[in-house]
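Okay, so subunit A shows up in both of these, paired with subunit B first and subunit C after.
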Partner chain A sequence: MSVRTLKGKRRWLALGGCLVWLAITFFPLYWVLITSFKTPIAVVGGPTYLPFVDFEPSLTAWSELLSGQRGQFFNTFLASTIIGLSASIAATFIGAMAAYALVRFTFRFRLLSALIFVAIAFGGFLVGRHVLGYGQGISLIYAFVAALALAVISSRFRLPGPELGNNDIVFWFVSQRMFPPIVAAFALYLMYTEMGKLGFKLVDSYIGLTFAYIAFSLPIVIWLMRDFFEALPVEVEEAAMVDNVPSWRIFFGIVLPMSKPGLIATFMITLAFVWNEFLFALFLTNSKWQTLPILVAGQNSQRGDEWWAISAAALVAIIPMMVMAGLLSRLMRSGLLLGAIK
Partner chain B sequence: MTRNDPIKHFFIWPALLIVLLISIFPLVYSLTTSFMSMRLVPPTPARFVGFGNYIDLLQNPRFWHVAGTTTLIAFISVGLQYVIGLSVALALNSRVPGEGIFRVSFLLPMLVAPVAVALIARQVLNPTMGPLNELMTALGFPNLPFLTQTSWALGSIIAVEVWQWTPFVILMLLAGLQTLPDDVYEAAALENATPWQQFRDITFPMLLPISVAVVFIRLIESYKIIDTVFVMTGGGPGISTETLTLFAYQEGFKKFNLGYTSALSFLFLIVITVIGLVYLAILKPYLEKHK
Partner chain C sequence: MSQVRLEQITKSFGNVTVIPPLELHIADREFVVLVGPSGCGKTTTLRMIAGLETATSGSIRIGERDVTDLRPGLRNCSMVFQNYALYPHMTVAENIGYGMKVRGTPKAEVDKAVTDAARILNLGAYLGRKPSALSGGQRQRVAIGRAIVRQPDVFLFDEPLSNLDAKLRIEMRTEIKLLHRRLQTTAVYVTHDQVEAMTMADRVVVMNQGRIEQAADPITLYEAPANLFVAAFIGAPSMNFIEGRLEGGDGGLQFKGDGDVAIKVPENRAGKLGAFAGKEVVLGIRPEHTMAADAGAPTVKLTVRDVEPLGPHTLALGKVGQAAFTAQVHAASRIGPDDQIEVPIEAAKIHFFLKETGKAIGR
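Right after this comes the complex of A and B.
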């Protein structure tokens, strides 16, 4: 028994508080669940609370939903699943690689190289667009390639100015998360439209949305996985290095298997983020690759007060994440997640 | 302990390239656009207007109103989230009976799609079919206009935010509480410190770094709110609950006013950066004092 354990009256007071919060947490979820089993008449007749006592449960809403009378639910569900899984797997993997590199290897470059990148990117775009008269898409591509090449080449030389290291790169990645997504979502929509004019269809496509999600999950993945890799004992890797095992085999053969709990937790957090994401899907899709949040949000304006149908639709978006929460809590109980959220 | 090996480039470049392509490059594009007058509907050719869009925005009362609404929602809801989250985390950390069940179930709201949460809130707050108004009527209140009157609508949005995101605060603070060493509390118990003294002089100061981080993350995230508002009120009544992101969406996607929307999103970025910096600057002395 720890010294911090409450005793006597205080303990019951704390329990009471927790129970109140539990009721607040569960009531809305309970409400949406029972509403999805109500008949239209039962919904309009005013609030009822207990199945079989207050109202007779019926499967109307669910059978309508599953038989496809309520829009393309099956396709949307499939699109959400495919995009969610592939984006979070890719983000976890790419982010883990970057996080590992940032923990174990030394990166050094001058601030000036970064500034060169930004300057060439802006200047190149403006010059391409207004002086040379290229289209917006083409100028963007040229400016990007030129900026990247010059920045990389310039980092080979001994430039003056302050030197940046691993922590600055991590900070740069994580600070991406601070950006209001509307800044990127809107610009990305315009950029994708420009690419569409060049023949690459990115708006309302699998690639377009998945890449956007990978990019916006990477900061959080790198942040979480960096903490995780830092906690790993370095001795195992040093032993492998003595035996001349190449770095890529150390990473794929030793480090990744050792960090499975962290990878799973990070993957799940990323999946929840992608699954529930609204703004990017709103801007970047319109029909074929629309995700569940957009369809569910649309229910509201399309159906007015048909709460039985709306509840069933909302539950389709909720239930997969609840199942995942069950799995996540198992991980938490075994204490595996502690390292990842510290 | 870091080493040097050319393979490091192979590890870091995929992430670097994707982030540069998808999140930095659109910024270049939209920053240049923000200095132009550009419309898609009706199509007008791009014209350089300098800071014109920014000046227009800063003179537009709607921008200030929307920024004020967003600030109000963000600060009140994060404040409530922190107070409730800290109380619950403290209770859970002191081993209330049934702690294991609470710990898991308290996390659920965080995983529900905000859009779905907003739809549930609309049902619960419905004037005739919702349970909350029935409860209010039973308690002797009149039928309350939860989503159709400005102050109630703002309150409802804040309540939904608190419901959804307090779990995040609980999760982080609980993790922080568990790292606090026991011996300090044993010493305090020997000195006969009251629980309140223990909280004020030990728990709270030692928890300050993680508290600052949690509030910072939540504050920045709250400023981005759109989905809940989009579904619950659509910004209404009138524009009284419109947030910055929703305003940008309306301008960009309904009016296709590209230059204006780009300028708006950059102003938004500046607002968030300033708030973040001021917040950190205010709290820095406290953090250093307790190190």
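Right after this comes the complex of A and C.
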């Protein structure tokens, strides 16, 4: 049903409701926009609503922001862009491959193998730390490598106990998004500092933050892409298999192009997540690779409530995402996301 | 030489056995059609030949090669699917040439193969289009084009025409037949449409629950079905069956059945059928063999339920005793529901089956 089919009073009611909702969602944005053009005096002197009528717009906030008086603005924007793009591209790519494997191949392993991994990883760490007297970082690396190797080897044998399959693996991925991120952020910070002591600088580094974002985007990517791949007709791939097209060509030459809409949507969702992410950036960066959300939030704590400056910074953080959203809706309307598989 | 041999092939999905040991030899250049009711294992058998399913046991040979454990790409088969399975993001030309391109064939050669295929299949005008801009028949032709440029040892078709409308289906049927005559490649064709099976095949393999009920040329299937299943499956409208028993007596061998049916067994068959005197049997007669002209023909009494005028002739649907019976009568005959009519039966066209096993007897 569309609003057009409504008649008379109900039509005006529907229209009115929509307008009210539009005003509610747009007002904060509008407020931020005009505030960024107000002078400090105009901001503290009580509410004014219309530029040129209520107050005289000024570029103070913007020139302060762009001239670097408000922190390393260009650097931060660049860091956000580089990390956001590379983490979302990598996560979409790796996640798509994982999702494809989970859709088209059957995996079976015993719960016991998974338990072996957990037991060795934790036990090995404790043993390394307290019995053998290694440092935290070294114990961690040894324990995880040993745990992974033993778990893989153990899955070669017919172990007793319940068997797990593809759905369990997917649940495992998605379940990582269920606990509060602060748990992981804190642990990750400790792990990164330990690695730093071993000479691999991860805190406040491009690699460190990008890795963290890839890892935390993967569950969503896998989940979304799995649905896209499941919707693809398997006969197309089977036709290619019969035609002696190698598996990797089937994936890159046929499956990926067929799921382009899904890839684009997933990439944008991931990018939005990474772009707006605050907690990991707060823990894992301090100056060089700080991202925009940290800079915006920092405005308040560093300089007090200078709303004009905060508004300008917030807008800069919002605009790229608005451009992305605009592009996405254009893509949707142009039908790229529909009917690609036929 | 590319004959296909399925030797004691079986297939189980978990605990469910879909194909019990199955033996099928397909000669070089033969056009074999697998036909049977839904779920009887036709697709599974075809996919095992293609390598898309692995056989649980047994072996598969194509030509001189044992391909049982070979992956699909190395078996040199081409498969055409029911829903076309074209690459949606490629043009028709790219669809047809993709396999060759991937296998590293020089571009000039690929182009030539694509042009040839397009000419054979009348696709020349569409080479630059995407599949989404084609009709169902055109898409299926592209799929066939993709199959022929492979120059396979064996063509595999899985119900390629069932997504097309009736008229197009008949056209494509002829096209595929002509194509086979021209290319002379061994072909295995799956369908559940018996008309398609009868019209296209050199040999029809009738399957039921994973077993082969009969494998023979179309005319043999029609004239000498090996058992009740094949008799009922082949022919439309399907064969009438009357249960009863064979009785010997002074007047020779007689079939006595439900609904006061008494039919004298012709002399030339009495000899072979004599051994079954006293046994429960099923008499089979096709509707088209109930219009005998000669006066002495045996008759059965049909209570008409419904009349279907088809033009050339009319079908009278009803019952003989308790058994459903369809008779073909002259278009001019004036009969209506609830009439009782005497239907003549062509004695030479009668089939007998042993009720216990369903096997045809007396030939």
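The criterion applied here is as follows: the second predicted complex is superposed on the first by the 319 of 342 C-alpha atoms of A that agree within 3 Å, B and C clash if a C-alpha of one lies under 4 Å from a C-alpha of the other, contacts with A are read in each partner's own complex, and residues count from 1 in each chain.
Note that in this section a residue touches a chain if its C-beta (ideal position, glycine included) is under 8 Å from a C-beta of that chain, and two chains touch if they have at least 3 such contacts.
As the structure is a computational prediction, the values presented were derived from the model and not from experiment.
After overlaying the two complexes on the shared chain, residue contacts for A:198 are found with neither subunit B nor subunit C. Residue contacts after overlaying the shared chain place A:179 against subunit B, while subunit C stays out of touching range.
In the superposition on chain A, contact of A:246 is made with both subunit B and subunit C.
Touching more residues of subunit A than its counterpart among subunit B and subunit C is B.
Look at A:26: by the touch rule set out above, it reaches subunit B but stays clear of subunit C. Residue contacts after overlaying the shared chain place A:44 against subunit B, while subunit C stays out of touching range. Once the two complexes are overlaid on the shared chain, A:257 sits against subunit C while remaining clear of subunit B. Contacts of A:190 after superposition: subunit B is touched, whereas subunit C is not reached. With both structures placed on the common chain, the touch criterion links A:98 to subunit B but leaves subunit C unconnected. Residues 246, 341-342 of subunit A lie at the contact with subunit B in one complex and at the contact with subunit C in the other. Within the complex formed with subunit A, the residues of subunit C that make contact are 50-52, 71-75, 77-79, 81, 83, 85-89, 98-99, 102-103, 131-132, 143, 146, 150, 156. Those residues of subunit A lying in contact with subunit C across their complex are 233, 235-236, 238-246, 249, 253-254, 257-258, 260, 339-342.
Those residues of subunit B lying in contact with subunit A across their complex are 1-5, 7-8, 10-12, 14-16, 18-33, 84, 87-88, 90-98, 100, 102-124, 126, 128-131, 134, 163, 167, 171-172, 175, 178-179, 182, 185-186, 189, 195, 220, 223-224, 226-227, 230-231, 244-245, 248-249, 252-253, 258, 261-262, 265-266, 268-269, 272-273, 276. If you check the complex, the residues on subunit A that touch subunit B are 2-6, 10-11, 14-15, 17-18, 21-22, 24-29, 31-32, 35, 43-44, 46-47, 49, 94-95, 97-98, 100-107, 121-122, 125-126, 129, 136, 140, 143-144, 148, 166, 169, 173, 176-184, 186-188, 190-191, 211-212, 214-216, 218-219, 222, 234, 246-248, 251, 272, 275-276, 278-279, 282-283, 292-294, 296-297, 299-300, 305, 307, 310-311, 313-315, 317-318, 321-322, 324-325, 328-329, 332-333, 338, 341-342.
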